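Each of the two complexes below includes chain A, the first together with chain B, the second together with chain C.
Right, the complex of A and B next:
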């Protein structure tokens, strides 16, 4: 088994046996392990309480040295100043601040935490333009991380 | 009574002395080896950074070689410098 698959297999087992509150990895990934769907619930006491979201993770064979490609997918994309309506997420750990010590679990927890600190549900100011012009892969976007309040 | 030892077989165990059980990069046990190696021990050694974090040498080298701008510790993001 390749190095990336070994780590992914380990992460998958841990997440299925011991998932953090509000996070559930879907069991069916085929044999490749390169695409995961993760169910996520909005945390209680936040603007997203009671909402359910779905994240799509894609891994290259350079994982964990290469960050995973992570987008919201499905029918409910959270309305949040850092989440575009096509599911792309503006979050620095997914590109330039990625570290191989991070994991699917820590990425999920960062996203829950990003949602939880939101004070007002709204789309990013440049949503319409971005969604029209961006690449399908959010890692090809040159992100500007300027707002660390939410 | 006088005993003459004709032969003996020594048995020893070893382990790395690290402040953690698993490598933070590959998540394999330190007493095992990185996913690219087959035999744990001197062929797949551990290295420490000045920040005191520890990794399989093969894992941290792969990470440092993939970084063009900054070379940071995966755990604490301090600039990575090998501990002498």
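Right, the complex of A and C next:
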């Protein structure tokens, strides 16, 4: 088995056997090893408590050296200053700060934490414009990480 | 199913050992002795054999056998120490003086093992039932011999820095990488007649094949080591026998397959950096501070073809940062360091004459005036050439329509979605797609997207 598949298989096993609170890999979506759907619940005590979201992960055969493509998908896209209404997420570990030492679990936990620290639910200021002009793949966007507080 | 008879017996060991004894610079005496012999018996054999062609040789008691910087004691038994086949030892006649290390039972820090034991990089674990002693490979080298051309277990050896012969006994054992890698740290005494060398020189050999050339030495890769602590690779999470340990405080571990993949990905993404001291290198993949790989030969893991690419990128980057230029002619790329005022540059390799500012064919007057006027030379050209000119004109037109040149290095840049903030992957210049000028805060405020 190729290195990427082996690693993904291991990550999948760990996540299924021992999932972090509020995170669950969805197996019924016709997921393959290279496309994962992850169910995510807004953490208690935050603006997103009680909300359910779905993340779509896509992996290339260069994973974990190549970062996964991660977007919110489904009917409920969180309203957040770093999440565009098309599901694209502005989070540096998904592009230039990616490292092969990161994993699906660490990406999910970073996203939960990003949501949890939000003080006001709103879309990014350039949302309308970005959603109209961007590429389908968020990895093709050269993000400008101007604010690491939210 | 019952186990076959004799399944548990140990692999039969050879009953004899081939040793190459060096006597002076050009005299070599290959001998084959039983494994259970000791050094005293070897000396007697040597004495007898030498007496045949040199009747007046020195007394037996003055023969010293030197191996890896130590004198071997008469009680040293070849079998017990895993003395490898075709190991080279030196026989000298000069009395060894008091101020050097006393003789030892065996030079435990430098044991060699059978030259033929290795079949592959990962076979370094010892076979069942076999003693661990002498089989723990701590050193890895990049072997540049055509038959290897890969990372292999290495053997540390010592020789006299003055005469280059292994006739030196050392005054102190090396106990860190600095002792071995920094020249002149360990003293010794050379016992070769006519040599008064007093400094040890350490070097590494490939342990997979017998030396092709006795003076060969391989570059050692200090970050690569056997995975004695069984740490899983941070990328594939497999626990492998040989790993690279990054020079960060945590000592992050990667297996060699993943390390090769990491280097290859970073090379393709142009993410190697030019470090002022260590050169073109990479940090620990976890991005730990101060974790750059210092010995760039570790990138040999890329293989011949990709390592050449690595070297080319390193040279190009260095040249461009020094104000140099690269010939823009397709397939050439020759580098130059012309004086800053020179605008008209002729490539010494391919003869192409180009403008330093726009990288186009040299022209008089302002840049960007040169359009698809190719072929209007005023004299007849062959049909074939005309066709080719059309093709290249078309391709130039396409590039001109879809790209903008980087304002600093003129590399054509295609914008495939995203924002206006462009980072040139060749010269790292940050510029604005709309202004075609360096990226400033106002660009972000006025036309970040669009």
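Keep in mind that, in the parts below, the second predicted complex is superposed on the first by the 145 of 150 C-alpha atoms of A that agree within 3 Å, B and C clash if a C-alpha of one lies under 4 Å from a C-alpha of the other, contacts with A are read in each partner's own complex, and residues count from 1 in each chain.
Here, a residue touches a chain if its C-beta (ideal position, glycine included) is under 8 Å from a C-beta of that chain, and two chains touch if they have at least 3 such contacts.
Source: prediction; values computed, not measured.
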item	value
Chain B versus chain C as contact partner of A:65, first or second or both or neither	both
First (chain B), second (chain C), both or neither touched by A:3	both
Chain B versus chain C as contact partner of A:17, first or second or both or neither	neither
Between chain B and chain C, more extensive residue contact with chain A	C
Partner chain(s) touched by A:140 [first = chain B, second = chain C, both, neither]	second
Partner chain(s) touched by A:99 [first = chain B, second = chain C, both, neither]	both
First, second, both or neither for A:130, with chain B first and chain C second	second
Touching both chain B and chain C, residues of chain A	3, 6-7, 10, 62, 64-66, 99-101
Touching residues (chain side chain A, partner chain C) in the complex	3, 6-7, 10, 62, 64-66, 97, 99-101, 126, 129-130, 133-135, 140-144, 146
Chain C to chain A touching residues, read off their complex	234-238, 252, 254, 257-258, 261-262, 264-265, 285-287, 416-419, 421-423, 444, 448-450
Residues on chain B engaged by chain A in the complex (per definition of touch)	24-28, 34-36, 59, 62-63, 66, 72, 74-75, 77
Residue ranges of chain A in contact with chain B within the complex	1-3, 6-7, 10-11, 62, 64-66, 99-101
